[in-house]
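Here chain A shows up in two complexes: once beside chain B, once beside chain C.
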Partner chain A sequence: MIKRATFNHKTLPYLLLAPQIAVTIIFFFWPSGQAIWQSLLLEDSFGGNSRFVWFRNFERLFEDPTYGHAFWNTAVFSFLVAGIGLALSLLLAVMADRTIRGSTGYKTFLVWPYAVAPAVAGVLFGFMFNPRVGILAYSLNAIGIEWNHQLNGNQAMILVVAAACWNQISYNFLFFLAGLQSIPKSLIEAAAIDGAGPGRRFWTVIFPLLSPTGFFLLVVNTIYALLGTFGIIDSLTKGGPGKDTEILVFKVYNDGFRGQDFGGSAAQSVILIAIIVAFTFIQFRFIERKVHY
Partner chain B sequence: MRMTTLTAVSALAFGLSVGGAQAQTQIEFWHAMGGNLGEVTNALAEDFNKSQKEYKVNAVYKGSYTETLTAAIAAFRAKQAPHIVQVFEVGTANMMAAKGAVYPIYQLMADAKEPFDPKAYIGPVYGYYSTTDGKLLSMPFNSSTPVFYWNKEMFTKAGLDPNKPPKTWQEVGEMGKKLVASGAKCGFTPQWQTWTMIENFGAWHNKPFATKANGFGGTDIQLQINDPARVKHIQRLADWGKDKVFVYGGREGKSTALFNSGECAMHIGSSGSAAGIEKAIGAGKVGITMMPYDPEVAAKPQNSIIGGATLWVLNGRPKEEYKGVAKFFSYLASPEVQAKWHQQTGYVPITVAAYELSKKQGFYEKNPGRDVAVNQLTLNPPTDNSKGLRIGNFVQIRDVVDEELEAVWSGAKTAKQALDSAQERGNKLLRDFEAANK
Partner chain C sequence: MVENRPWLTVMAHAILIMGLLLIAFPVWMTFVASTHDAETMLRSPVPLLPGTKMLDNYYTVLFEGFGQASRMPQWRIMMNSLIMALGVCIGKIAISIIAAYAVTYFRFPFRMTFFWMIFVTLMLPVEVRIVPTYGVVAALGMLDSYSGLILPLIASATATFLFRQFFLSVPEELAEAARVDGAGPLRFFWNILLPMSRTSIAALFVIQFIYGWNQYLWPLLITTKEEFYTIVMTASRQANVVDGVPQWNLIMTAGMLAMLPPVLIVVFMQRQFVRGLVDADK
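Right, the complex of A and B next:
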């Protein structure tokens, strides 16, 4: 007979759960509820003249061509950040996984960028690519590329994507490296004995076994690109030039905290929440099926 | 989500600051003056506290203008508003429309029985912040106006007379070409492009920015920024951009770096930048004069309008505390304090007496050009077009105009297309404002 320690108290589990639930309600549900409520209001900045207007804030958003533009920017930006960030970090992780001399130092250096806050990363890139004093902008000019991300929208997009990827690569790298190291060496050796070359070993053995990690990182990176890159945009371009790098999360901030349009800004946050929920749902529902655990 | 945490944090900060000495009445003053300006501002509050025993003004730096305003809004909504908050000039219409939140200055001074004379103030400074019938709504504090700066050494190098700055925009173009030919990387660059090249360009040539006396007459207004004079001016700058006679140096005050580093020879910037510019280039090497005008648009210049910020009084505190606020404002407006503030910062003195006092002290002889701002503001009695701007959602409208201008500088749009589009987008924001403040 195995002796089990059980508690017959009915309320105890709830009591033990209570702190976590309280935290969730106070810090997640309550503010989200407030955002939803505010998205249905039209009011002046000080809240003295508040009217319930149903979905007027949402209608206004969809009539606004700049909102569609922000959607497009977000799609391009997220796709590039998640895609390039994941591909590069996987490449780096595979390289670092080999037993080469000095690999510990190499791994340590690769992790460093993660210690840099996104806003600081933005400032660093801003310095390096400053059209007049930046060392990289100077080098680009020297090889015949006229660099001015303050006026050229495509260059501005390249710049924020580069900064966002650079900032996130370490995180991806760590997970990929851990994933690679947990793959049993015997499998790879068996494949090698069967005559598979390094490329074939990677695609048929390593990559499928790495897919849970890759899937997790895909979700995390998409959410990062959607929300976490605010600091980079704010310190590098402020959504400019024009509105060429204005992504959804930046527009939420800009309309709310610069423009004091709290209703419109709340409506945008509600849409952003819905997008993230939908996106995460799709990823888990469809992509997860193809993942081998 | 940010909103609620912000409310909590500011409420907490407020609670802490109130917990200090209890004997005096505490007055909370939130401002956006960082660095050197912040020190001068805090010193003003300190001096006031030393001058009497009843009240204590706590000057607190709250970050940028927008951050300060957002903090004050959050605190007001949480019923923890500061007595005084510094708001930039583009927030004026939004503050005015905030029903029940604002305690107008004319009423405050009357209620507190503080002596108050509207005529003591410099016209365009007073006018910007008063109702159509001349009642002051917020206390002028730091006001500036765009002035023209030029680099004398670069003028000499280009074979130009270093003591003869351009008077007209046509001359700016001619001199700019000579400067670029002599090796300058850039002829001219403006600060705060929408403020200087659209708003002040209009006032300076007596052209309206919006209907109903630039918005002073109501919220049902339309922008009027795509007029031929502005289109011509912006297109002229864009054309100059091809051979670097004009260079765009970024939004807000970023372009000043180009002038300070000796890349650009001519600059239009806030009079509040004077001290910084003189420090960077050397006091004798830079000249300050009035903005150029276009004789094809107006026979002579009108007057420029201001930028900067004022102090707004928020409702919701016990009545007797506002007496201290009125006393503090009287102190701020006194000639000695204003003259000191003006001389230390480069902002315009808000009263005529402070200007006269600075003159008497010989400040302008020692610092040539520092009186240009006042002279420019008072050049002519202000008209409906040059009194000021009362535009709702102005922060966003400025962003819209900045964006459209950037499209001109990059060559994506012509001046006409950009200003038409800026006008259309701006009018939409005005309709939103009208709807929110019915």
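Right, the complex of A and C next:
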């Protein structure tokens, strides 16, 4: 954790650390403390007066059906984004790994969606699926599916999932490809000599060896779906129609800034923080140890 | 591959090409929309091939401005994005490389306390503590300013960890030799460690530039004056204007401009990008 040969200096290390610690305290510990403190306060709607109400804000949340709805939306959304995103990128990575010469070329063409901002990805998908002029909405109508994500909640969910998967696919692809390329070729050759075909080799040799990468990506993608997709939701559906695509992170923002319910929003922040910390903990503790072959 | 089965190779290429087309399609449609005039883009089905109005559209968006969400010429908005992206990535790299240097090369009281203080920030991106962070920035009077856009986003531990990881892999002999030759800590850092970190810095630069450029929620919250809008945010706002006839050609031109710089960086600095991505998340 530290170098054997170190320097001795009384003040220098503190000076070197000062900028980062200052930024961390001002923009991290102070607001996080405020979030916890505010989650225990109830502010009246005229602002100004606030009372200490213990866990009333949390109770209020759990009684609130829209919060349960947002929880459910988040679960569905994260499950679909992680599941579909991982499956598609694994397929592409396995195929790219097969083509010996092509893989670098394909890589170049698959990495760039990562650079597109989620909010811009939302604009792109919103345009393609726009009920009036969108080319894909037009095609869907032509084959008899009436597409209008501004009215149909399920379609809105499909749309945000598609945009989120698209945005994240290059990340998953790169990690899967790196994982595949680090599997020793001798193992695969040995399996082939024993008579295992490509499909069988994939499920009995490659897939288990890839599972650490897969679990890592599962956690990263879940966290991405929980937090990173705010821009997609905001520029595509704004949580609508109704509240059918309102996920937790969007509700934190919506209740806090639109609804001016600071206590409720802070309580939601605290819950969301707890979820993220739990996932990070799982990632560090559980996965890195359990998945070994 | 271990065996030669031509049809499998053909299938692999076919799936990959289909994947490529699927992934490229949204961007292709955006590009096509940015090359037509407004009337064409209002008639469904919209064309699938580029038109002839590309220069007009880009000129209008860059130098004249359009729509209700932001009337300013968008090159100024893009400058804001550039300032923000560079500020975030240079700021992050600068404060975290010296912090990492302090925790790996010095022994001092509370070293681990500081280390953990930085470590916990890993877990909480700005989205989850958005309301109180806004409150803090407002209390400091930094709404509608570049420092308000940049400073809260440079509080992150990823870069510190990356540099710490790298410093730990630097041979011990270097620091010993430097000390024997009479170099002080600052000289060692400046003349030896910093030049050695070039590749890490480049990798991090790419990742953090994209991160800074693509910020959406934060600029959306703390800017109310158009002079501080960013391109990602205006592109999304223009697309969501409810009343009036949407000028899809111009909206999608703004979309192209919003994604072009980071996409170019990823394509042309691919090696650094991949390295940064893999390093930053480990």
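Some notes on this structure:
Here is the rule we use: the second predicted complex is superposed on the first by the 242 of 293 C-alpha atoms of A that agree within 3 Å, B and C clash if a C-alpha of one lies under 4 Å from a C-alpha of the other, contacts with A are read in each partner's own complex, and residues count from 1 in each chain.
Following the convention adopted for this analysis, contacts are C-beta pairs under 8 Å (C-beta built on N, C-alpha and C of every residue); 3 or more make two chains touch, one makes a residue touch a chain.
All values derive from a computational prediction rather than experimental measurement.
Contacts of A:205 after superposition: neither chain B nor chain C is touched. Shared-chain residue A:31: touches chain B and chain C both.
Contacts of A:95 after superposition: chain C is touched, whereas chain B is not reached. Of the two partner chains placed by the overlay, only chain B lies in contact with A:259; chain C stays clear of it. Taking chain A as the reference, the larger set of touched residues comes from C, when chain B and chain C are compared.
By the document's definition of touching, of the two partners only chain C reaches A:23; chain B does not. By the document's definition of touching, of the two partners only chain B reaches A:241; chain C does not. In the superposed model, A:140 lies in contact with neither chain B nor chain C. When the shared chain is aligned, chain B comes close enough to touch A:150, but chain C does not.
In the superposed model, A:108 lies in contact with chain C only, and not with chain B. Overlap of the chain B and chain C contact sets on chain A: residues 30-32, 34-35, 38, 132, 238, 256-257, 262, 269.
For chain C in complex with chain A, the residues that touch the partner chain are 1-3, 5, 8-9, 11-13, 15-16, 19-20, 23-27, 29-30, 33, 41-46, 48, 94-96, 98-99, 101-108, 111, 114, 117-118, 121-125, 127-137, 140, 151-152, 154-155, 160, 167-168, 172, 175-176, 179, 184-186, 188, 210, 213-217, 220-221, 232-233, 235-236, 239-240, 248, 251-252, 255, 258-259, 262-263, 265-267, 270, 273-274, 277-278, 281.
Touching chain B in their complex are the following residues of chain A: 30-32, 34-35, 38, 42-49, 60, 64, 66, 132, 150-153, 238, 240-243, 254-264, 269. Residues 1-5, 66-67, 69-70, 73, 76-77, 94, 97-101, 248, 250-251, 258, 263, 393, 395-396, 399, 402-404, 406-407, 409-410, 412, 425, 428, 432, 435-438 of chain B are the ones that touch chain A when the two sit in their complex. Contact residues of chain A toward chain C in the complex are 1-10, 12-14, 16-17, 19-21, 23-32, 34-35, 38, 88, 91-92, 95-96, 98-100, 102, 106-128, 132-135, 138, 166, 169, 171, 174-175, 178, 185, 188-189, 192, 198, 220, 227-228, 230-231, 234-235, 238, 249, 252-253, 256-257, 262, 265-266, 269, 272-273, 276-277, 280.
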